[in-house]
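One chain, chain A, appears in both complexes that follow, with chain B as partner in the first and chain C in the second.
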Partner chain A sequence: MTAYIIRRILWGLLLLVLVVAVTFLVFYLLPAANPAILRAGRNANPQIIATITKELGLDRPIYTQFWIYVKNIVLHLNFGFSYYYNVPVGSLLLNRLPATISLTVGAAVLWIVIGIPIGIVSAIKRRTWLDRMAMGTALVFVSAPVFWLGLIALLLAAQTIGVFHVFPGIGSYVGLTVNPLKWLESLLLPWMVLSATQCAIYARLVRGSLLQVMGEDYIRTARAKGLTERRVVLKHGMRSAVGPLVTVLGLDIAALLGGAILTESVFDIPGIGRLQLDAIGHSDIPIIQGTVLVASIFIIIANILVDIAYAYLDPRVRFE
Partner chain B sequence: MSSAGQPPGTLLSVEDLRVEFATPDGIVHAVDGISYSVAPGGSLGVVGESGSGKTVSALTLIGLTQTQGATVSGRIMFDGRDLLAASNAELRAVRGNDIAMIFQDPLSSLHPQFRVGAQLIEAMQVHRDIKRQAARDRAIDLLSLVGIPDPRGRVDQFPHEFSGGMRQRAMIAMALANEPKLLIADEPTTALDVTVQAQILALLERLRRELGMAIIMITHDLGVVAQIADHIAVMYAGRIVEAADARRLFSAPQHPYTWGLLRSIPTLEGPRGIELVPIPGRPPSLIRRPTGCHFHPRCAYALPDHKTIDPRLVDAGAPGHVVACLLDADQRAAAWAALRAGQSADEATAAAGIADATIAPTEVAG
Partner chain C sequence: MKKAIRRRHFAAAVLAVCIAVAAVTASLALASSHKKTANIAALKPALNGSGENLTNGKRGGVLTEYQSEDFAHLDPGESYFDLDYQVMYATQLPLYEYLPNSESKLEPMLAVGMPVISNHGLTVTVHIKSNVHFSPPVNRAVTSSDVAYAIERSANPNVANPYFQPYFGFIKGAAKATGGPISGIQTPNPTTIVFQLTQPEDALLEGALQMPATMPVPKEFASQYDAQKPTQYGTTYEAFTGPYMLKSDATGKFAGIGYNPGKNAILVRNPSWHVGETPQPAYLDEIDINIGGASQTIGLQVLHGSDSVQNDTPTNANVQLAYTQFYNQLQAVPGAGDHYVALDNVHGPFKNVWLRRAFWAALDRGAMLKIAGGSIVGQVGTHFIYPGNGGFAQAGGLAGPKVAWNLHPNGSLAAAQALMKQGGFKSGKYTGSAVVKVVGANNGNSPEQIAVVKQALTELGFKVSVAEVDQSVMYTKFCGTPKEEIDVCPTVGWIRDFADPQTTLFVPFYGPAITATNNSNWGQVGGPGSGEQALNKAMEQAAVAPASKSNAAWAKVDEMLVNQAVAVPWIFDNQPYIESANVRGINDLWNTGSYDYAYTSLK
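Then we have the complex of A and B:
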């Protein structure tokens, strides 16, 4: 197991190098927005641009640029320097990470706590009005894009523009360490919006997974033992049904930690996603590379964690 | 507890049990009015092809078809109680406690993600107030009782670490956890190698003798019931078509379907060179069953009016021996005598004097 994890981490590192290389190549091959020109400002002349190009190292061959970039990250944890904000990318990422983590973790808790029980009830009460209603609602939320849902939610319930003045509106995010109460207040609406779709997906996933498991022979055995139906479902059924859930959960959380671009944009939450979107607008390549790298790291870590969770949940899974 | 309404000396008596499932295609008559009884410590073999209602009737005994939307009628008296009139909670108290069940495929019947010991301990703790450590000790004893070597080491293993035979032994150990009065074994050896089959049957027979536990053995294999059952009921299309003491059923079978089952298994004792003869055709749909005798489309001995007359179980010349066949006793005796001598079905119909009158099976297996 330990050997397996070490090997997975090494593969993960190699994968990160590849991701960085590919992002590098993409921006090298698509010189639509020359960062030197952008940085030179309005009164640019070729001389200034040439100077900036030299300053940023853009005149060197791509492999040299790549080598310097990777070396800085590995040796100095230096992710480069933002063209636009004029600050180290590393500190920008660190600044923005708490908001993204707050948004993701809160929403994940919400969709797990709500989505899974709905899925279980739907599976047990299959083909009843309860199941149909739950799955109908789920279909609506699965189909509703987050940015649309977010705007509707704001128009309905934001203190600024809403019909009912319940929740703080756009741009109200406050850090947890600054003011915990305001932090909670400002995130309630984004959490609900972000978790609505996920709730629906998880409810459907749990329902499907549980329905399949409930047809297994060992469920019949559990019933033949005289267990209550509640115990049959929650212990014997769910134990098997959580497998697929863990996979999806790991990757969903990782993907959101890499930047919940839509939700962060609609509610103007200063997270990684917002940073990334702005950087794309500014052709701020070091930031884009930094955020891609962070997202990749999350995905790779999540993959390894999911595999470990799998081995823990299912004794038949063994690593060689 | 009184045993009113139950003949003395019986543990289980089933009377006119009917189980139906409503499906979009129509009503499935899975079990169609069967009756049988089992004595304490006795053994009953229920034999028939897939889809003959064996498993459904067994699951109904412990209330597991009712919860799946089946309509059930008749009477199931067990140890003085009417199980069909019992509430869900009462049935749950019987399941795994007084009546235990083991299934065909021990790998899929054990939960793959729980340790074997934990599954045994759970079986005990459902029905009795027992400390975990005491239950664990008993789990080890049970594993040892069913012949699992190194039970102390095995108790913490997962089902996938057991071989097929060991898994079925573990299932049996789990079924024995609460010292049931009746064990229902649903094709317990079908998924196992032949040598392992024999071991499991010997184990069940030993446990029946040592623990005084009655067994209902459900199987499609007459060879299996021959080893373990005192009494045998042959089922076809949801009904019992013949029932008799095991010895009697093998020596003087009365129903053409039973003949078919007997002629399709190889024996070492019989004359050599007797061909194994499959029963032509397939089991009928339980939604639209054949008219008259349900077996007539596959029966080499069916006469024209067997298409319309529905046979009832009648006495077949020995205590406890009943058969639902429209041929008369002499015809059956003559036909079986011919078959037993190694003659073909055609020769047997001639011997029974009905060669010119039979209607050929409508569907013959290639």
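Then we have the complex of A and C:
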């Protein structure tokens, strides 16, 4: 198992290098705007642009620029310098990560706590009005784009512009360490919106997976042994049904940690996703590369963790 | 049977949910569209900030300011953007500053009295206050050497000031300056600074002395940061002289404390500044600037909420909502720049002046304005010096010069065809083989405005190829790169640096100012082969005209620009701003109407 994990980590590192190379090539070969002009600001004259081009090393061959970029990341954890904000990308990423983690973890807890039980109930009460109502509602939420749902939620429930003045409006996010109560208040609505779609997906996933498992022979055997239905479902049924769920959960959380762009933008939460969106708007290449790299790291780590978790959850899985 | 009934119940339940969701959405959309359809053009003008009372505000309180866009530079040596200016002018003292309710009246800030001009306009002397202090950790009194260093460091490539050469390059020794001492800037004593000029550009320098580059910088504190590439002064550390400062620690570091890029900024009172030292009343205790968010939602939040303002352009929907339902919370400030259709004067069909005039006559400028938001956001552009600039009235005011191509704001095909005939096209339509290349921005209302331009061109017989790109790409890769030879750039615009009309006309229309990249003379007006050398000559003469004759000289240049139809102005911009009901917002008329934190208060 140790060899397997080491092998996976090495493959992950190789994948990261490839991601870095591809993003570097894409953004440097096809730049949307001259980075030196971005750094120089509006109406800069050509002399200033030329000076900055030299200072930033943009006049060097692309392979030299790539080598310097990779060397700085590996040796100094230096992700480069934002042309637009004039600050190191690493500090920006660190500054934005807590908001994204807060949003993602809170929403994940919600969608797991709500989505999985709904899926279980739907599977057990298959074809009842409860199942149909749950799956019908799930269908509505699966179909609703997050940005639309977010705006509707704000118009209905934000203290500032909502019909019912319940939750704080946009731009209300404060850090957990600054004011835990306000942190909680500011994230309740974003959590609900972000988890609504996921909740629906997970409910449908659990239902489908559990229905398949509940028809297996070993479930019939468990029932024949006289186990309670609760024990049959939760211990024997869910243990197998949870496998696909873990895969999806790992990737979903990793993808959101890499930037919940829509939710962060609608609720004005200063996280990685909004940083990414702003950077695209400003053609701020170092930030785009940094956020892509962070997202890739999360995805790769999640993949490795999911594979390891699989082994514990499903004894049929073998590493060798 | 039972299953069928259940299915029907399920279907009914799903249908009910869908109808409920659709009803909520539809009612919201209806409410929104109902507000949108109000006919704003026929209503009374919006408030425009011109009657602002700068005194009698209530002291105290925290203002929350929302802006979806971030600052570009918070270093006084680099700032060159209206959002930056808001923070700069609240936290630093330039030598002079326009009062918020004036577009052109300079008020001494750090200076004592107006500049003294001598030696036939070649020497400019300014005396400064002795009781202004830097914020912690510098704490000491500001001297004339701090102003000299502030201007000198602007020439440092690590600072990269974008306007040093045009506005300070005629100081002796400035042309080759790279951040060290400039021989033409002398400080005979701690409260006097003297500028020796190479040519009598005293009028321009007087205007430039209100630019952020004149805000004092303490050399002993800043030079260590200015040595870094790029400078860390203004991005990480800064010493302040104004009534407010970016919240900082004991070392003067504000990055990560008073400013988090793309996230927020916090302005607090500067402990070294005291009421009465400078004209600003500084009513507010704190200004919390929230960066990011969707403009539409921000606007609604500001209009319905309290203690807040929206600092960047509100959406058209919110402007109209504010106008119809929150009239006193909307300011539409004139003098916020102009937009015009740039035409290539050097290459392609528009090298022919008659075709440029014909296109001007054919273009429905009224439709372009209507698309932009109607009379609240501006007036139809009729020439190039826009309202609020010196020389505007002499150049024809709102009606503009009475030439044949300027008489039809809604476009006249008949007038245009008559001009085409004078240009050698007997049918009144273009019969050449050239395909007109049009490049415009793809954001906001631009695509619809491009469509209006395309229609005018098509009616005149031109074959047209249109590219809509990101605004920054439009400027950097196409319209600002002469070798691309773009015939028509319909969505370019210009904002002056200060009330001198030279800052409105010189860079975008002076031939020798054309550069190979990042060019702002998009039509290459006065460039080689344009046949507009008289125009260049007139600008050179206007630049050195005595202050008393400067406006008239630039109005004459404006008249020549219209006669040559070098471009087609289509809007004199107003800039709309919205605020909460309990905010007494004071807008800087000289800075496209941005809120002035040093004068704004809560009710």
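Basically, the second predicted complex is superposed on the first by the 320 of 320 C-alpha atoms of A that agree within 3 Å, B and C clash if a C-alpha of one lies under 4 Å from a C-alpha of the other, contacts with A are read in each partner's own complex, and residues count from 1 in each chain.
What we mean here is this: a residue touches a chain if its C-beta (ideal position, glycine included) is under 8 Å from a C-beta of that chain, and two chains touch if they have at least 3 such contacts.
Being a predicted model, the structure only gives us computed values, none of them experimental.
Asks: Name the contact category of A:85: first (chain B only), second (chain C only), both, or neither.
Replies: In the superposed model, A:85 contacts chain C only, not chain B.
Asks: Tell me which partner A:145 touches in the superposition: chain B (first), chain C (second), both or neither.
Replies: A:145: touches no partner chain.
Asks: For A:218, select first, second, both or neither according to whether it touches chain B, chain C, the two together, or no partner.
Replies: The first partner, chain B, only.
Asks: Quick one: classify A:180 as touching chain B (first), chain C (second), both or neither.
Replies: neither
Asks: Taking the superposition as given, does A:227 touch the first partner, chain B, the second, chain C, both, or neither?
Replies: first
Asks: Sort out for me which residues of chain A touch chain B in the complex.
Replies: 216-218, 220-229, 236, 239-240, 313-316
Asks: Okay, in this complex, where on chain B does chain A touch?
Replies: Residue list for chain B touching chain A: 62, 64, 67, 92-97, 100-101, 103, 105, 108-114, 122-123, 126-127, 158, 160, 171, 174.
Asks: Residues of chain C touching chain A in their complex?
Replies: Where chain C meets chain A, its residues are 6, 9-10, 13-14, 17-18, 21, 24-25, 28, 64, 66, 70, 72-73, 78, 80-81, 157-158, 160-163, 165, 229-230, 235-236, 255-256, 260-264, 290-294, 297-298, 300-301, 304-305, 470, 472-473, 476-477, 507, 515-518, 520.
Asks: Within the complex, which stretch of chain A touches chain C?
Replies: 32-34, 37, 39-49, 51-52, 55, 82, 84-87, 91-92, 95-96, 127, 129, 132-133, 136-137, 139-140, 151-152, 154-156, 158, 160-161, 169-171, 265-266, 268, 270, 274-275, 278, 282-283
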